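Below you'll find the structures, each written out as structure tokens.
Below are two complexes that have chain A in common, paired first with chain B and then with chain C.
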Partner chain A sequence: MIAAKNDSWLALVPAGAKFAVLLLVSIGLYLVGHWQPLAVALLVSIALLLSAKVALRQLLWPLVSLLVIVGIIWVLLGIQTGWEQGAVAALRLLTLCIFAYTVSLSTTFDQMLELFQKVASPLKYLGANPAQISLGLALAVRFIPELKRVYLEVREAQFARGLHNNPLAVAVPLVIRSLRIAEETAEALDARGYDSTTTP
Partner chain B sequence: MIKYAQWNVPEGTDPPLLADRKEPTMQASPKAAGQTSSVTVPGIHLEKITVLRAGKVILEDITVSLNEPRIGIIGPNGAGKSTLVRLLNGLVLPNSGTVQVGNFTTARAAKRIRRDVGFVFQNPANQIIMPLVRDDISFGLKNLGLAASERLRKVDQTLEELGIAHLAERESHTLSGGEQQMVALAAVLAMDPRVIIFDEPTTMLDLRNRLRFQKEINGLNQQAIVVTHDLEVLEDFDRVLVVTDGRIGFDGAPGDAVDFYRHWSAQ
Partner chain C sequence: MHSKPLESSPEIPVTGAAGTSSATKDTVLVAVFAAMIAAMGLVPPITLGLIPVPITLQTMGVMLAGAMLGPVRGMLATLTFVALVAAGLPLLSGGRGGLGVFAGPTGGYLIGFIAGSLVIGVLYKYWVLSRRSKAARLVAGFLSAVIGGVLVIYAFGIPWTAMVAGIPMGTSAIGSLGFLPGDLIKAGITTAVAVTVHRSYSGLMK
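Coming up: the complex of A and B.
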């Protein structure tokens, strides 16, 4: 999920602070062993999510999937270790995920990349370029759906030619088309003034 | 009528900043409603350009100045059209000859030239870098070193001007072909280039989007150089080059150029 423009109070909090709090909350949740405080934490996380003014429609399917997974975990752990222990694990996971959704949906992708770049900045002493790594991350997120589309097109074309379930027949054109996309994207990066030598 | 200003390029001097220079202004003839009447061009000159790729001659001995507000480039597939326009912002460097844009040559200052010469590619999907439309338009501005608040203002302004403000928060892969092409144009326009090169911009568009995009090109305040197979796009252009077999086979008014191309293709 990528955050849309958000004008809530949480969107104004720096991304670094939000992720730092998320890290601390994650650790804290694992130190709590009773379901009652975890239930309170869950309510707090829901309140935070609502205050973040995120598009609930965007969250609907992820939340439904999450509830199904958490439900399965509760049942399995309930049978194996007891219902209270199952509830502790389920509440912990649910609370953590809702906190994570709240942070990620109130932080733009651009802010996340900038944060990632800062966090990865020590890598420059090892010869790596954090700006390039950050761009690579952005390109991966951007082009995964694009590559999926190309894959479906290639598979459809191969099916139309009678090549059913032939991984090689799909893989070769997929790789060739991916390389072409990579070449064109590299050209676009140059054309749009990206300087690969820049470091933060 | 178009009054063509001369761009005198001083030799042997370090290129000054564009902002310090006085620009020639091309007064284009009034065209259809919404079209620009005054376009400032930096002055582009190609001198004895030859481009080889894998030992094959792609372009040969091309000398031409491109100073009109609207220039079309047509020709058969593989003739060298795309290579020719890629020379103009240094995406391709010539094996011999020089490409001068304003006071800069692509051999020495390609990155600087790219600030002035924007490029809209044939397939906009591969030109959109970031997962979110707003971030993608902001990407080029970030490369220019603009502050976050200025980037935000510029992105909103550009999207508003193009009438696509509703796309700002959309994920790039969910856009239609026409929307992608408009976003690609917005990303280039936001950077305030003085020349925009379009490499077959309407190839992947349906009629409605093609007409819309054509209108946008005609209304630009920038110089536009358009490679196309869509001859109707060229109707109101100032000048059209026909590239055949790596050379400029014809250079003149759109009607004459299209006649030449049709005759040449029928041979």
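Coming up: the complex of A and C.
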């Protein structure tokens, strides 16, 4: 889930700060063992989610499936160990997920990737190249629809040959065509003088 | 466009093309395999032979990344995929994605994907591909895929679920058994694919 045109106050907070708070909150929630403070935390997380003015329609399915899981955990733990402990686990999970949804839905994909690249940049002292990391992420995003198309094409072709229940007949051509796409793309980058070993 | 049938694996070597900078090609390979893991979760699930329930092939993508590219590039491909999920792309089965996935009960399996592809890569590079006979390669390959793709991934996933859901480790382990038959089949397919493709692309792992 990605922020779609979010103009709430949370969208203006830098992604790094939101991540740091999320990390601290998730550690903090595991240190709390009573249901009362967790219930307060849940209310805070819901208030935050609502203040982020997110499109709640986007959250409907994740929330429904989360509630089902939380319900199962509560009943399971309630029967096995005790209802209070069940409530603690259920409230904690629900709160954490709502906090995480809030961060995801108030941060754009670009901001997220920028943050990851910033976090990964100290790796350059270990020999990694920031330019290569950016190129890898950008290419991966671009290749997803391409490989999905290839996968469906291969599957359709093998279906026509009567090999529809043979995963090997799909996976081998898929891997070989992936290797070919990589080869062609690397050659195309080289032909255009792209050199990822030098930082721009 | 038609896909290539099994027997016509191309003879074009993937490595060693004149003038291709290996750093660029490694980056592109990592990106393509990250996208392949994503694509395997996006297409509608299929039914595999013995199992009546349709399953997605996403974990097979993770195993294949390690088995085809080796430890470093394989792990980076999986890491790239996990980073894209964390950044919010709905790439997991059922269109899930974003940070909520990591806060939820199955987040450990995603972290386990990274370690799993690393372990499979190490085992394939230093053990499986140095076997001479095809039978030995298949046996070693299957064991490697099970160690990295099942044991390692579950070793992250099971305690994570236990911690997040507050349930005992045993309950969490029993819950994960439901995925075991599918994962074993995927390990088998991964092995067959990897051994077949490595035969025509012998220079893939330097």
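Just so we're on the same page, the second predicted complex is superposed on the first by the 155 of 200 C-alpha atoms of A that agree within 3 Å, B and C clash if a C-alpha of one lies under 4 Å from a C-alpha of the other, contacts with A are read in each partner's own complex, and residues count from 1 in each chain.
In this text, contacts are C-beta pairs under 8 Å (C-beta built on N, C-alpha and C of every residue); 3 or more make two chains touch, one makes a residue touch a chain.
All figures in this text were calculated on a predicted structure; none of them were measured in a lab.
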{"item": "Residues of chain A touched, compared between chain B and chain C (which is higher)", "value": "C"}
{"item": "First, second, both or neither for A:123, with chain B first and chain C second", "value": "neither"}
{"item": "Contacts of A:73 with chain B and chain C, given as first, second, both or neither", "value": "second"}
{"item": "Which superposed partner A:13 touches (first chain B, second chain C, both, neither)", "value": "neither"}
{"item": "Which of chain B and chain C A:89 touches, first, second, both or neither", "value": "second"}
{"item": "Contacts of A:39 with chain B and chain C, given as first, second, both or neither", "value": "neither"}
{"item": "Partner chain in contact with A:193 - chain B first, chain C second, else both or neither", "value": "first"}
{"item": "First, second, both or neither for A:171, with chain B first and chain C second", "value": "second"}
{"item": "Chain A residues contacted in one complex by chain B, in the other by chain C", "value": "2, 109, 135, 138-139, 141-142, 146, 181, 185, 187, 189-190, 194-195"}
{"item": "In the complex with chain B, residue positions of chain A that touch it", "value": "2, 4-5, 108-110, 135, 138-139, 141-142, 145-146, 149, 181, 184-185, 187-195"}
{"item": "Residues of chain C defined as touching chain A within the complex", "value": "1-6, 9-10, 12, 14, 17, 19-21, 23-25, 27-36, 38-40, 42-43, 46-49, 57, 60, 64, 68, 76, 80-81, 83-84, 86-91, 94-100, 102-105, 163-168, 171, 189-190, 192-193, 196-197, 200-201, 204"}
{"item": "Chain A-touching residues of chain B, taken from the complex the two chains share", "value": "86, 89, 91, 111, 114-115, 118-119, 121, 123, 125-132, 134-135, 138-140, 143-144, 168-169, 171-173, 187-188, 191"}
{"item": "Residues of chain A defined as touching chain C within the complex", "value": "1-3, 22, 26, 30, 61-62, 65-66, 69, 73, 76-77, 80, 85-86, 88-89, 92-93, 96-97, 99-101, 103-105, 107, 109, 112-113, 116, 129, 132, 135-144, 146-148, 150-155, 157-158, 161, 165, 167-169, 171-183, 185-187, 189-190, 194-197"}
